[in-house]
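The structures come next, written out as structure tokens.
Shared chain: subunit A. Partners: subunit B in the first complex, subunit C in the second.
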Partner chain A sequence: MRPSRGFLVASLFAASLSAGCAARLPEHVQAVSLPSPEVLGVTAEDSAPKADLRMIPPEAYMRTYLQLFGGLAPLDAQKLARGKEGAQLFDNWDAYVSALGFADYRTDIPRLTQTNALMVATFERLGVALCDRAVEHDLRAKPPMRERAIFAFDVLPAPGVMDEGAFGARFDVLHRTFLGYPRRLAPAARTTRFFQLYRDIVGMHRTADPKSRFTPEEAGWAAVCYGLVRHPEFHLY
Partner chain B sequence: MTTRRTFLKVLGTGAAAAMVGLPPLRSIADIGQANDGEFFLFIHAAGGWDVTLWADPRNEARGILHPASTENTDPSQVRLWRDAPLEGGAKTFELIRPPGSSLVLGPGAGGLVDIVDRITIVNGLAMNTVAHPDGATFSATGRHLQGGRVASPSVDTMISNELGKEQLFPTVSVRFPSAYVGDNLDRRVVPLTIGDVGSISRTLSRTQLYDANPERDRVTALLSLEAEDLARRSTYHDVADGMRLQYASLQRMLASNLGDVFSAEGLKTAHPELTYKTRFLGAAALDAAFAIEAMKRNVVRCVSFAAGNFDTHAGNYKTHAHAQQELFDLVTATLRSLDAIPHPTKAGAKLSEHTHILVVSEFCRTPQINLGNGRDHYPNNSALVISPRFKPNFVFGATDADQLLPRPVKRFIDGERAIAPPDLLATFVSAFGIDPRKYMRDGEIVPELLRAAAAA
Partner chain C sequence: MISRSRSPVVLFAAVALASLTGLRPAASAPAPAAAAGTRTLDDYRHFRIASIDLVGRIPTRDELAAFERPDFDWDRWVESHLEGSAYVERLTRIYMDALRLEPNLNFTAVPSQLYRQEITGPDGKPVHVLYRGGQRRLRESTDGDFCLTPDETGLVVRPMAAAVGTPKKTSKKALDTYTVEVKPWWLYRDYKAEHPTERYKQGWANPDPQFRPVDALLDEPNGKPTMEVRVCREEAHEAPEGHIYASGRAKPPPTSSPLPGGRAKAAPVDTAYAIKHKGEAIACDTREGLSMAVDCGCGRGLERCTPNSGTGDTPAFQYPNHMPLGPDLPLDSAGQSALRWYPYWWSREAVHFLGYLFAEDRDFREVLTGKETWVNGPLAQFYKTVQRGACCGPEANFGMHGETEPLFDPARVPTDLLPHDVDRWERVADRGAHAAGILTMPMYLEKYASARARAAAIYNDFLCKSFSAGQAELTPSEDPDLTRRPGCQTCHATLEPLAAYFARVEPASYVYLPESLFPQKAATCKKDKAGKMNGACNALYDVAFFDDKGPTLRSAHASPAHASAGPVGAAADLTRMPEFASCAVQRVTSSFLGRPTTADDARLLQSLTKDFVRSGFRMRSLVRGVVLSDEYRRANDDRVDAPPVGTEAR
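This part shows the complex of A and B:
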């Protein structure tokens, strides 16, 4: 019986395949050390930023704000911020969303990408509400340190004895909370500037009439908190 | 050989050419001085209005046109609607020809018929878009969106940048498609964008329960220094510098004690002449009251707001004419209020003599009535200008009789074509000595729209 044509083709294919596999092993090239190439010229890498600072999106601001408020939902934060004083410290989110730069999809208004003076005013209004409530919660009620939202330190018991060193240690806690890095990496003048602010506010508060609900020291720390939650570095990146 | 005569001729020709080629014929200081005390109101009729009901009225079934009729419109609330016969037993409206005017208006024009001697209408604006965001942006900036991004500053930003940098509120923008984009812009004129005018007072309100204004001012002063530091350390310092200026503006705003004045109740009390309880435009009346009050107090340069929702694709078209009537009644009432208020800085002048109003929409609506008994989007448009610098009692531009599409109206530098939003905006800013080319890529000044004195 003669082998079929298919059998012949298959045999030929198998033979050529085995011939290929039986070829000699691939060559290995040994690594050798070569002299460094000659330097013909040096061009410095341009690592300068290629774009201006940008405003963080309003959604990120809102999320951060709520996180600082203790990780609350927006309506819970609103309730806490309003407290028993109604709209004295905080109205409602509806009053602020547009000034904060949120997009309005009902009217095709896009998200704002630039700060403006009214937005800066809104940052102040919201920042004051956060800091004042935090002073009440953290410094006045004095819960355990791990339960504190912003002021994870104690105010010195004796008023008027705070020196720049004692201030700096506490300021560092706030600086890390709001701006995300230790104060020693910030420009040198910053701590001094904020310490001066603290002292000015404590002094002004001591002579203020009528008296506010805060002690001078509490007002001083509240002002430092305002300064950080409204800081340009908090809003720009 | 060059003779003395030839040399002088060449020199003279060159000097003349250089003079003609200078784009800003007046210096920047002159522009500010000549337009000191001018105020601007920009209104966006949101949703896309039906121009056949007011500026470009149609009451005949012709070509693809289905005029408004009792089958699709409720005329009971439209006080200028007079029945006119239409085929099929329905009634359309009679055209309105105000006495002493060559203008022809539709019944949605409302109060405009009483002030025809002060209005300029631009018809047949070529929109080349039927998308809301693009149409709104094109009308406000003169450029289409580029992949969803705005490419040019809006007209209110351009004006504020030239004339409003020193004002407390350069531009207040209430849901208007304002845009701060491009070069040559001062950070102080970033539009103050808000959802409603009442939020200004809420944003500026400060309790004294815990701390006092001078204490917060001290914080703001410190932040100005921090922003200055940041700018100094930045390769690009524009944004940080801008924030420093905005901190300074905030201090001025809080010191002005305007919070109570600009509350909703405060504005309603100050301007009882405006109607706040209307069916469609109550909120816009509050915006207009804010504009009047802010101009009266000389704290603003431009106020821009959106009015109404004219996006009537279905049965809600029935009230479209009514909504237009409310819009133009509001514009008229605002102008009347400005007539009655003395200018804050120009002795003997009325505020209305130095206030310039531009009303735009994103496009118009289809000439056909759709299956839902409404009208869809159509790439034609009209605009309204009320300005002492524009030719009053005047209509410019036209649409074709059968399809309501923009018709070529004059020879521009790029040939004969219809007028388009960039042309209108370029003309508008040029009326105040501003070189449109500083902000706009497109658009050509249309001198026909301007009063002779202003055009010169």
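This part shows the complex of A and C:
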């Protein structure tokens, strides 16, 4: 009977393997020095420190957040943020601590210095809670201006009266609050884009069915607030 | 010598909290800023990053308005913010990120741990009885065990596990004979009084906010407030000293004999030491006081002990799991095990110590050399009595029956701090001869539990060096000396001599081994025929380094001189090295710039280091230099049109 093809291949393989593994001394490679390579050109290396985007530490983020919440302690802010909606608007700080990038010294987990999807989602959730409660506290309840941490201005009664100039003056308050500089120094189109956002949201809320718990103007300002509290400049140095 | 003032860190935290909660007035309407037009975007950005670093958050609108005024003085603003809680927190965070001094461990000193067992009273209702595991008692049926027998309670009681058996009514006679009611420190502020009356949340109306026993310690099984706790009589002894007890039992009973009282395991037999020293005085807060005396207890109001709300690992006190902004602003609160009570306060001590160094702008070398510390009530309780329970096991074989040279001398602990004074911090100017900054604090010693780990931590964190293996060829070797073994020596040639500084501090402990009792070479430790030593010798001495004089003290072989010098010597030697200053400068500068320093920062680092040393190693001077530098102003500016360093007006 003729041996199978597979048997022949296996046999050849085994033979070559045993030949290769036959007892012999390992090859000793003699080191030789090589001539220096020819220089074809010189390029300067830029070793200057590279500035890069850097997140503010989670401690600074949280202190800022609490300050914008009216200077409350974390557990008080949590209670206020949850309000009647409970976990629909705000879970609890325990749920957010690791997502925000805090270090855990007990388990030697270092602080996060870069964002990830969960962190960005947490920023969004915290930002929405802050803005919604600020709308309720500042715009709806209308306390004295000195008690308004975010919306320190009056909402005009009708959108038709809100031109870009009136919007801009109010947007400047929010721009300073969240981004730390006046809007006049921001990129030129920023005010226009946010004004368009405001008008779009107001328009949508006028025709929405069922109605939102916010008035159209409140919803418009809430949207502007969301945009700024989630802006990269708010989270970066 | 002992300051009674509140910790400056606490005061600054209180001021910060007041400023956080006292609202700054919001701008009433968008008003034109007086000098706003003169500020550039870069000016605002610079102010923002300085606020984040020195105030701890982004600037408010009011702060921006002040910044925009023509009379805003940048230098004065920076100077005024080189103090206060935000500044302290900023610097503490740099070193906590490196050292990570928070516990993930349980701690128990057996003489100080009270467990709680529920039995059935004579009326059929549940009764809680506190006891210590291993407590010596006169009755053979309960010696070394719970004070009521299984025959009396129906239960075989076990400290670290649930009791076994069917509970039955315990007679009133047994309860009255073998237990007593006490008003303990966790329930009464005036527990030391003859008749304490200031009960928690009743007569004691304003306990420290952070002192919160769990509900299980405050209420009886029937839900009524606990006014007294029932404890085994031996545990209620108050004297600081007892007497060595010898029962007369020289050997355990035959295994076939039933044990008295229905107990599950035989009573302890007398050790040779107990027989020889019967009746002699012994300190009650040592391990031997528990294991050798029937008249050693937990002291007045049980102040030498901490309670559990059950057997094993059960909650005792409420405190936060997460408090990244400090204990005044916790993110949660949970009932925590008594086994985590002291580790929690060890961490707070380390943070307090660091905060004190930065708040008072002390010479930064004191982080390693400092004799002082801050303690509150639980820490005072720990250092005065509880820590003494860590000694002595194998040490007793070398003649040490209680700590003779503790890292923190109990005599220096403030006497007016009570175990429940959690919010009151007092400075202890000098912990004793062996104290060396954080190197001899329990948190550091437990976090870095071995001599090598302790050495590696200071090498990394205070000299900014790391160990990296070389490319050596690894030839097989059984040389126990890693400073010579091929492949190992690249790291261990440095690590072992550093580790030797900690040879006299027991691993996973803070018991100091004095040279008088624990010489470099132990002539009394002999090898058996198999080449091994007995347990006590093996625990403290290394048979791998055995010569004609005997084995070598563990971790000491690479440098006997360092072993003799101890952590104090480590602190002195390391802070004299030029790398200590340059590492501190590099670490702080890198943190403020938000990036590792490079060769291009050499000029800045050199200048800062020179100033840092000249200022006496003061952090305030260093941070001022960093914050006022052009590199800081330009840090994290990724704009393509950003002007180069040094070309912008302030």
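The working rule: the second predicted complex is superposed on the first by the 186 of 237 C-alpha atoms of A that agree within 3 Å, B and C clash if a C-alpha of one lies under 4 Å from a C-alpha of the other, contacts with A are read in each partner's own complex, and residues count from 1 in each chain.
Rule of thumb we're sticking to: contacts are C-beta pairs under 8 Å (C-beta built on N, C-alpha and C of every residue); 3 or more make two chains touch, one makes a residue touch a chain.
All figures in this text were calculated on a predicted structure; none of them were measured in a lab.
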| item | value |
| --- | --- |
| Partner chain in contact with A:F167 - subunit B first, subunit C second, else both or neither | neither |
| First, second, both or neither for A:A149, with subunit B first and subunit C second | second |
| Partner chain(s) touched by A:F69 [first = subunit B, second = subunit C, both, neither] | neither |
| Touching partner for A:D108 - first (subunit B), second (subunit C), both, neither | both |
| Which of subunit B and subunit C A:Y198 touches, first, second, both or neither | neither |
| First, second, both or neither for A:Y237, with subunit B first and subunit C second | second |
| Touching partner for A:E59 - first (subunit B), second (subunit C), both, neither | second |
| Partner chain(s) touched by A:A99 [first = subunit B, second = subunit C, both, neither] | first |
| Partner chain in contact with A:Y181 - subunit B first, subunit C second, else both or neither | second |
| On subunit A, the residue positions that both subunit B and subunit C contact, one per complex | 48-49, 51-54, 94, 97, 107-108, 110, 236 |
| Footprint of subunit A on subunit C - complex, ascending | 17, 20-23, 25-30, 33, 36, 40-41, 44-45, 47-49, 51-52, 56-61, 64, 89, 93, 96-97, 100-104, 321-322, 324-325, 328-332, 347, 593-595, 597-601, 631, 634-638, 642 |
| Subunit B-facing residues of subunit A, complex | 48-49, 51-55, 85, 87-89, 91, 94-99, 101, 104, 107-110, 112, 114-122, 124-125, 128, 132, 135, 187, 189-190, 193-194, 197, 200-201, 204-205, 208, 212-214, 219, 222-223, 226-227, 230-233, 235-236 |
| In the complex with subunit C, residue positions of subunit A that touch it | 47-54, 56-60, 62-64, 66-67, 70-75, 92-94, 97, 102-103, 105-108, 110-111, 145-149, 152-153, 169-170, 172-173, 176-178, 180-182, 185, 234, 236-237 |
| Residues on subunit B engaged by subunit A in the complex (per definition of touch) | 46, 132-133, 136, 150, 169, 175, 177, 180, 187-188, 190-196, 198-200, 202-212, 214-216, 218-220, 222-223, 225-227, 229-230, 233-240, 242-243, 246-247, 249-250, 253-254, 306 |
